[in-house]
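One structure is given below, encoded as structure tokens.
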Amino acid sequence: MMKEGQVRIPSGCAIAAVVSREGKRMSGEMITNAMRPMHERSNGLGGGFAGYGIYPEYKDFYALHLFFDTRDTRKTCEAFLKEYFEVVHEERIPTRKIPEITDEPMIWRYFVAPLKSMLASLQVDEKEMVARAVMKINTEMKGAYVFSSGKNIGTFKAVGFPEDVGVFYKVEEYEGYSWTAHGRYPTNTPGWWGGAHPFTLLDFSVVHNGEISSYDANRRFIEMFGYKCTLQTDTEVITYILDFLTRTQGLTLREAANVIAAPFWSTIEAEQDEAARRRLTYLRTVFPSLLVTGPFSIVLGFTGGLMALNDRLKLRSMVVGEKGDKVFISSEEAAIRTMEPDAEHIYAPAGGEPVIVKVKEGAY
Amino acid sequence: MKRVYVNEAWCLGCHLCEYNCAFANSGLDDMVLALKGRPIYPRIHVEEADKITYAVSCRHCEDPICVKSCIAGALSKEDGVIRIDQEKCVGCFTCVLVCPYGALAPNKDGVMQKCELCLQNTCGEPACVKGCPNKAIVYEERGEAL
Amino acid sequence: MGVEFIYPEFEVIRNEARCITCRVCERQCANEVHSFSEARGMMISDESKCVNCQRCVSLCPTRALKIVKSDCVLRENANWQNDTIREIYKQASSGGVLLSSMGNPKPLPVYWDKILINASQVTNPPIDPLREPMETRVYLGKKPEKIQRTADGNLNCDLPPQIELSMPVMFSAMSYGSISYNAHASLARAASTLGILYNTGEGGLHEDFYRYGSHTIVQVASGRFGVHEDYLEAGAAIEIKMGQGAKPGIGGHLPGAKIVGDVSRTRMIPEGTDAISPAPHHDIYSIEDLRQLVYSLKEATAYQKPVIVKVAAVHNIAAIASGIARSGADIIAIDGFRGGTGAAPTRIRDNVGIPIELALAAVDQRLRDEGIRNNISLVVGGSIRCASDVVKAIALGADACYIATAAVLALGCHLCRTCHTGKCNWGIATQQPDLVKRLNPDIGSERLINLMTAWRHEIMELMGGMGINSIEALRGNRLMLRGVGLNEKELEILGISHAGE
Amino acid sequence: MKQYVIVGNGVAAAGCIEGIRGVDPNSPITVISEEEHAVYCRPLISYYLEGKTDLDRMQYRPQDFYEKMKCRVMYGRKALHIRHDVQEVEVDDGTRLPYTELCLATGSAPFVPPFSGLDTVAEKYSFMTLDDALALERGIDPTSRVLIVGAGLIGLKCAEGIVERVASVTVCDLADRVLSSILDAECAALMQQHLEQHGITFYLNDSVDRFEGHTAHMKSGARVSFDVLVLAVGVRANTVLLKEIGGEVDRGIVVDERMKTSVPGIYAAGDCAEGLDIALGQKRVLAILPNGYMQGYTAGINMAGGSVVFDKAIPMNSIGFFGLHAMTAGVYEGEVYEEKTETSLKRLFTKDDLLKGFILIGCDERAGIYTSLIREKIPLSSVNFEILKISATTAAFSPEIRSKKFGGVV
């Protein structure tokens, strides 16, 4: 069978996330446990976590997490990295041997900074250079795959049920102010470590539950701007769209949400506020190919916060709750109750209505 | 009140209305049986002159001179529709003499007949309207009397 | 008779048992096929004049008439087919170029029919358009490459001129002259009601139709007939016609006989003169000349109107489209080789140009490869026959479709393909007043509205099946398409997988 | 509340009743009917004899007409006098009917010249009323030889009505032609020929000198034997009621366009009235049915307090014998356009840019279009008269008139 990248993979899933508005760091154990009651939403073919604020000691460096098939691949890749980056630290990512998780590749992490000379000669900024390097490794270096590439953020994913993946990666040993998690139910793949979620690019990580019907329209549009959808998954294309809209086009998260889950024209026309109407019309007109249709619920993690978003018809479940400074997001309320039995204000956001949670400035 | 109106601009002069009328009022359900091989006596008539064609049938006047002139009391107005009681008609042709539209003419037996908007047959709506291929003939309300 | 005689192509079969001699057939046939024989007391026919337009068949109240293909044929020959031989006889007799009307009737591949559409099952829900919003609105025009913010940080919402369409279909160019006043009236009224656009073609815009200007595309073609400042200002968009799918590489010729009355005034040429549109625009011999005309028109209309450049689908269409996209044009319209015409040399119509499906796929991909797809909208025509053709075109990458043959069919055309005779019994391709009046725009516009409404419903059904609730998410969504019976090369050009993959 | 009294119970009276009720639904109406019959139309009596109608179908209005119209009818009663000073009508049963508005719809009566020897004729009839027709019917049998004096409308319709029921019908008239009041010599000849083909014998330009039992001695010297005599020489308007109280009376009771007589509160309508003939431009008795109804209707509306004028009266007649119809209207003056065939004849009279009159025999299709040209005084310069000459068609009217006629509601 073909794996991610050779064929388009639609899948159903479970997602969960938690963020502390005060920037208080939480152990990964809570998010791991949150996935347990949603066991049925996954099928053991992929699970993963992204934690923000987990590498405070290396917070000024890009943390690259890589899978390698072979030692040779690792050597080649490391040589490539060192051409462009200063590698301040490299190590195997610590894991536990458990029977539920097998056939693991070599899993390494590198804390890097782009070489100034390279930035000058390529005439790009840091982020663009990191993004290009990631694209290059993932598309051109067979057997090597970058699955995390942001600053002070780490993604941990594997083939298996998410709660087992958490144990495997010792996620409870990391502390972050924000966590996202994903359990996967792909419908036509043998499962591949790189294909598990969260999907990340720089500090963006996306967990997604759904199967978008606009996929190829979105993909063929976004690929005009240097992105390569190698995995052919929804998560990947949504991550690139958000990166394009916010980083390249400079839209705010809310504006970006208004593009990908644009209100219906009838809603826009009913909008009383003239400026809002003009803005929404403008965004839909300029980026029609980035409208995402079909069911999805996503949580976007970024430095300093989370954004949760449902498709505009709300064809996938997603609930939000809070307690104290913590905000919880999940496919099912049970997951939230696992994290915080006394969670309050639990509600299901409307389709297309972005829920944006920002961590207090300076607290991350 | 709804009346039959004809828009000259769209009348093709195809005369189908006359045949549809004759058929609708034939009491038969087979047009061939009703009309083949015999002259037709329609209640609508296509007027033709230099490049103009249009069909004319009873206008159902507000002030119907035919009703007032009928010596037999055969013509009457009911709910705005001018009706003819063919049993009473004696064929004096006074109505033909007075109708300014030429909307009355005798049937094959010399008894007067006129458009009764297909209310007396099984057509449901005026057959001329239903069968007009170019919607030149319409059945509609056009406001009050002049 | 003798060597020049060609047995009539059609036979008029009259069921005498049904004929009531009402003479509708006689009155309705501009070709004078039917007549009443007093002597025989019956209707008779001269089928040598019959073009099989079916007007008589349609109006006969007793269904006493049918037109059949004559079975008087030459000995069968797969190489020398009857039509081929007839054409040779005709040319041997006349010495002239063969003329034809409407689109290419040859059995060349129709790729639409070899492309199948996806639907959702289990993993993602189909959407019921009767219960959920289903959006078909599109905006055609150039989109800004980068958003701008005002000093206070708000989005600058100014856009280059856009065309708003309630559904991704427009009526493509048919000139006043090639079709009748009432046909234009029908198209204009229907377009206005539907919230789409129709296209004047190169015959100018009749003064009566200026009021439909916001739903009108005004065309500027090589003959420049009827082009003046008010005309350019009148429309919602301006189209530069470089070519036409039915006759790429050649111009047009409307005989002087049709340049009468309003047609002459609208075209701004004297009555009775032939209206000859040159093959090229004589001010456009290269791409940079096109750019000048695009900007001349934009200057003339204060940059308020999108400019469309219409070209025929020819071999290197992708490169041509790329050039147009960089010429300042807002919209490219591509007309495939099956597109219709009021008159074209038969050999050109049947042998020049390429299928729109392949042209569209190639152009869309090329513009994406160059990263400029969002800078220009793509409209395709040339035998879009139904809602699923539209859906397939959009999924291949078109922003909207142009239809004309389907529209004239809705108006009553029976595709007899003799538009060039000017005696259209359906009142469409004629200027004879007694024939023109046969097309009542009340009926014509209603039928066009019905057709488009039906298509829109079907488009929504198809979209709903795919789980897509906005046409934007369908555009270029080739994953929703699969080919059947296509070879690797065709699949590669179309950018789709084979069914089962 | 008003009190309406109508003297007479013919078509003018029916029009008057319907006119009143169009305005005033309730005030009492009393009709004094000399005949014992509900309203019927006198011209139908020949059709009755011919068998084209019967007593039931002859009813001009449905059976419940008077009831619905809230009318009291005094059948078989005659109004003797009008007590104008006290606004009462004196009836022959001694009743005095008070009125606030009175309409005289008294019609006309046959005029019988003083033929010598008339008293020797046993079987003699008038032909005006239904009772006349019923009496005549009783008086004839298949062996009867009938002599009709008078070749006008009444005499000839009587002839048509009975010709199939008797042995012979002979018609004589002092005039040199049939239907002399409406046809000229040529037209009359065409009609006479047609009548003769159906078995009627004529003595024209001749009159009865004296009767002797079953023989009429003609002035020409001819003798006509007969069994039954019908006198249809002419009619005279019944005007005496008004005349005796000093109202203005000429050949009929003189009325204005509202059907008012010279006496306040009293109106007249129908064959007894003399109103304006717009074709002629003078007042005269137009004893034709459409005028009778419309005058009555006009009178009724005005009596009830409405206000209408009837200013469209023209002479017109449609009269057919044995399937050949003669239609005439207006006056025969001015230029003549003529079309003739063996069986038809058309004459159109034009003057001062108007159609003034016409005679159509055997070509009656859509004749009303010609009539409307006379009634409406439509200038011929505004229509395509060349087309109109050939056939009566509204297509000859200007687009504006056509649009008004056929697009608006009339």
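When the chains are written out, they are named A, B, C and D in that same order, and each has its own residue count from 1.
Assume a residue touches a chain if its C-beta (ideal position, glycine included) is under 8 Å from a C-beta of that chain, and two chains touch if they have at least 3 such contacts.
Not measured: the values here are computed from a predicted model.
Contact count check for B-C and B-D (C-beta pairs in contact): higher for B-D.
One simple way to say how far apart two chains are is to compare their mean CA positions; for chain B and chain C this gives 43 Å. Averaging C-alpha coordinates per chain places the centre of chain B 28 Å away from that of chain D. In terms of their C-alpha centroids, the spacing between chain A and chain C amounts to 47 Å. Averaged C-alpha coordinates give centres for chain A and chain D that are 104 Å from one another.
If you sketch which chains touch which, the chains link end to end in a single open path, with no loop closing it. Counting only pairs that meet the touch rule, the chains in contact are A-C, B-C, B-D. Listed in rising order, the residues of chain A touching chain C in the complex are 8, 10-12, 187, 210-218, 220-221, 223-225, 249-251, 255, 262, 264-266, 275, 278-279, 281-289, 291-295, 312-313, 315. Looking at the complex, you find that chain B touches chain D at residues 1, 3, 5-6, 8, 45, 47-50, 52, 54, 56, 59, 61-63, 65, 68-69, 71-73, 87-88, 90-102, 104-105, 110, 142-146. Taken together, the chain C residues at the contact with chain A in this complex read 120, 123-125, 127, 132-133, 135, 137-139, 143-144, 146-147, 149, 154-155, 157, 159, 162, 368, 371, 373-374, 397, 466-470, 472-480. Residues 11, 15, 41, 43-44, 47, 52-53, 57-61, 289-290, 293-294, 297, 316-320, 323, 325, 327, 329, 364-369, 371-372, 375-376, 384, 387, 392-396, 399, 402, 404-410 of chain D are the ones that touch chain B when the two sit in their complex. Touching chain B in their complex are the following residues of chain C: 17-24, 27-28, 58-59, 61-62, 433-434, 437-440, 442-443.
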